[in-house]
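Okay, got some structures for you below.
Next come two complexes, and both contain chain A; in the first it sits with chain B, in the second with chain C.
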Partner chain A sequence: MRGERFLILPGLLFLLLFFGYPLYSILERSLAAPEGLTFARYARALTAHAYLEAWHNSLVFALLSTLAAVAGGLFVAYWTSGLPLRVKGFLMSLYAVPVSLSGLVVAFGFIVLLGRNGVVNQLFAALGLPRFDLYSWPGLFLVFPFYNIPLFALALIPLLETVGKGLMEAARASGATPFQAWVRVLLPALMPGILAGGSIVFAGMMGAFGTTLALTGFAKNLLSLQIYSLVAESTFDLPQAAALATVLMASTGVGLYVLALWERRYRR
Partner chain B sequence: MVDLIGVRKRYGRVVAVDGVSLSVREGEFFTLLGPSGCGKTTTLRLVAGFETPDQGEVRISGQGVNRLPPEGRPIGMVFQNYALFPNMTVFGNVAFPLRLRRLPERVVRRKVGELLEMVHLQGLEGRYPRELSGGQQQRVALARALAREPKVLLLDEPLSALDAKIREELRGELKRLQRETGLTALYVTHDQEEALALSDRIAVMRDGKVEQLGTPQEIYERPSTLFVARFVGIGTLVPGEAREGRFHRDRPWPVQVEGEGRGFILLRPEQLRPHPEGFLEGQVGLATYLGSLLRLEVETEGILLKVDLNPQEEVRAGDRLRLALPEAAPFIKEEA
Partner chain C sequence: MRGLGWSFFTLFLLYLLLPMLAPVVYSFSRLWLDLLPEGFTLEWYARVLRDPKYLEAASLSLRIALLAVAINILAGVPTAYALYLWSDRMGEGLRRLLQVLPLLVPPLVVGLGFLLAFNRPPLALSGTFWIVVLGHAALGFPFFFRTVYAGLAGIEVRLLMEAAQASGAGLWQRLRHVLLPNLLPAVISGSLVAFAISMGEFEVTSMVAGFGTITLPLLLFQSLREDFRAASAVASVLLYTTLLALVGLSLARRR
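Our next item is the complex of A and B:
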């Protein structure tokens, strides 16, 4: 038995090397000054208007996207899990496609479909309808669920199939309408899974920037984009980027912690 | 109480239920018995309202329910895997159907108390399902199904996930509960022993059809087809011919039969007795001690007969033995 403890060693080493070390180097860089330590970058990160706005935008954006993904994902997962086996298998492999696509490919797909001269807007124009602006906040909100809903649904479908169907039926046989069965039995029973899936989506959304960058450039003020611009653009300032990254990670961490606390209430 | 009239249900190319007609009487314990895939569960789900028939009608208390969802039918259901609500305590699970009916909390508490007493689970109100044994979980599921005060209790292999000892215990209690409450029960199992022990009547199903319907005695003592004879109980099917009320092989046997023509008689192991002037003589091929009895396989005239003896008998493999036959035996005509 004691010997088994060493089995976690490779994993631990891996974490230290690929997670601990980068984390440490970011922290160190954000604090380092020629003459010791400085908190100036954090002061800037937490006071400069542009950064505060980015922070706020990122949080709201990630939260709303997560909510959309959870709601949409639940619906899609429930709908899919009730389909005949063959259709279900096909759909599930279809859901895996957006998850595995690069953000750039998705962005260009959306530009072709929904961009200024995209298929949909040409159709809208012909019908005399107002044009849909993909490069606005609502536009961005439309794009991310494209990944997140299938991702979330894929995570939830197995759970729904194993416990969900039986619980729904037990609730219905107890006299519950489908709505009552959903709200009083299925949702609470799935809550741990929902919160775990939500955590993944939330963390991903806090850091997402590839697709946003491809669609709107730097026009939308998000923390991830601020960091990217400090790392890759003429405004190059690695230590400041490191400070912002720390703020971003801390915010994500707090968000995940709250979700984990919430999840524990359901697991008891 | 429950009437199925020419009910059919198919999934794609599979016909799961193929024209089933049967009537479950009020207060009756009715069992659907059959091998895996014969359509028992589907039939039960048609009664519950989880499936709608492609053809035919389901009636409960004389009322056509084809269009009613499960929550609109006067049913309670117990599932093989218990299907308890994991986020609710024992109390919450049993209270669930009562709270849906918006009964005052005081009434809910009293009724849940009564139900838990009925299934011998007093004191476990505050536990969560995962803190209970399988047998306890199934008792909770039973109490929950009864809480709805259904006209028909539907049970889909409720005991098959339990180990043998608990299964038998719960089986007895289930029967007692059903007797005491006078509830109509529609029960699904592939376990013929369970079906015989519990039921007032049994429908033996095969490939989506009812093969034979009758009391446990009728099913066991007078199976109407080879399938039923093989599926229910243990015995030996001896091929031969029925002529003038007697069974014949190469010579007439002292066994009365009903019917004419080629077919089989069914000899149950408990009907065959060793007797010094027995009609058949054979050699014991296998003697298995089963505690309450000694089961022999006796080879005679090219047939392998199963014979049950008192466990005290001193018979060993290789012994020669004369066997007396029963006066009469069920005769099953060869299937066309």
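Our next item is the complex of A and C:
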């Protein structure tokens, strides 16, 4: 069977052509100048006020969204795994829907519910409450857990099934209060899964722009939207977009690396 | 405590279900000005079906998704098989790479990379049908691979293939008549995942597409501003597509 290893070639070729070569092109174009090399685009990416603000916003937005997803996802995963088998199976299929649904459909749904004349705002108006603005930072913070909580819960439920129940019962049997059992026993045991799920959410949030674009256009300054506007708008500048994309990947990469190191401490 | 937990969980389910139901309810209602929608109508679907623009976009999306799936099967199944047999460091490294790839390289970067890489000969694909197909195939590949690889772990691949080899079957015959039939549920699952990704894809498509390649999600993006009624029908159709793919997925897993 060793002779069959050449079957890896189609996949290898695919990865080199559609990931390797495009990534190389990004790096090359971000550095290319008429004569030799230039770091001017990176200098701009790391000094221009608009880009720095975008970078800062993206990091804060991704981190806060990840924390929200972890908090919500832990609860949802724990609650779901305690339900009867059939209900649990159905709910896990349900959680797969937001994860694979087009971001534009989700944007549409939230506009109908929470837009200026949306159902919720009509209800709020009738009750004399202030209007909720979907097209703002709080609005975006309300929309993204729709993907992130199910995504995180789906990543955590398998681990929760294998280690969670037995540990909780053991902890309770040896006299721990529910709170102690959670904090001292369950959370440390779940930590690898929490960090792995958190990585997925964080990375996704750093790169996401479709739903944001559909809701707030270019009004919110995020790194992903800066890159997209350099590609698709009149400010067209692909080499600068390439430099920003490298900064984005490096930021995501450092974040993922830190999370992976943290995760290693829990694996023995 | 349990009561509080249940109310939070119910709130979460509402938060999950209402945004999915909203486009559907909107697409079937004549008017939605007040709190509740009024009147049942199929008019918005009819408007979309009468407009060649939407039909062309739907057929284009379908063709792109099917081709992206076909490319994934051709590239992904042999690779998953080879990596499964290859249990040393290099195989492990490639598997890890395919796990982090979609995290490190988001659709935004795939789109930009494709624009920069495929805009000059020999691969001048900018704005063509094929750049969209290949972009979607690239986005789906890690997920397709993961599903098929997990499927390989569930069957006695090595044993099956060795038995077939001993009885004189050539490599192609073994792949075609032994591996593929046994792996079919996993290949179908992976294909449905890749299909769903492609059908709803907006980010890469909007970066690499030309005027000739307006897919359904791109049209939905336009309609969000121009024709909210038509948008509701298109959004619902995309939702039905995802739901169908996921139902197929759970059927394939059950077998």
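Methods note: the second predicted complex is superposed on the first by the 252 of 268 C-alpha atoms of A that agree within 3 Å, B and C clash if a C-alpha of one lies under 4 Å from a C-alpha of the other, contacts with A are read in each partner's own complex, and residues count from 1 in each chain.
Quick note on the criterion: a residue touches a chain if its C-beta (ideal position, glycine included) is under 8 Å from a C-beta of that chain, and two chains touch if they have at least 3 such contacts.
The structure displayed is predicted, hence computed values, not measured ones.
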item: Which superposed partner A:P188 touches (first chain B, second chain C, both, neither); value: first
item: Touched partner set for A:L123, first chain B, second chain C, both or neither; value: second
item: Which superposed partner A:R5 touches (first chain B, second chain C, both, neither); value: second
item: Partner chain(s) touched by A:P158 [first = chain B, second = chain C, both, neither]; value: neither
item: Partner chain in contact with A:Y266 - chain B first, chain C second, else both or neither; value: first
item: Contacts of A:A176 with chain B and chain C, given as first, second, both or neither; value: first
item: Partner chain in contact with A:L248 - chain B first, chain C second, else both or neither; value: second
item: Superposed model, chain A: greater residue contact from chain B or chain C; value: C
item: Common interface residues of chain A - those touching chain B in one complex and chain C in the other; value: 178
item: Parts of chain A lying in touch with chain B, wherever the complex brings them together; value: 84, 163, 166-167, 169-178, 180, 184-185, 188-189, 191, 266, 268
item: Residues of chain C touching chain A in the complex; value: 1, 5, 8-9, 12, 15-16, 18-23, 26, 32-35, 71, 74-76, 78-83, 85-86, 94, 97, 100-101, 103-118, 134, 137-138, 141, 145, 158, 161-162, 165, 171, 193, 196-197, 199-203, 206-207, 217, 220-221, 224, 231-232, 235, 238-239, 242-243, 245-246, 249-250
item: Touching residues (chain side chain A, partner chain C) in the complex; value: 1, 4-15, 18-19, 21-26, 29, 72, 75-76, 79, 93-98, 100-113, 117, 119, 122-123, 126, 145-146, 149-150, 178, 199-200, 203-204, 206-210, 214, 224, 227-228, 231-232, 238, 241-242, 245, 248-249, 252-253, 256
item: Complex contacts: residues of chain B adjacent to chain A; value: 12, 48-50, 69-71, 75-77, 79, 81, 83-87, 96-97, 100-101, 128, 141, 144-145, 147-148, 154
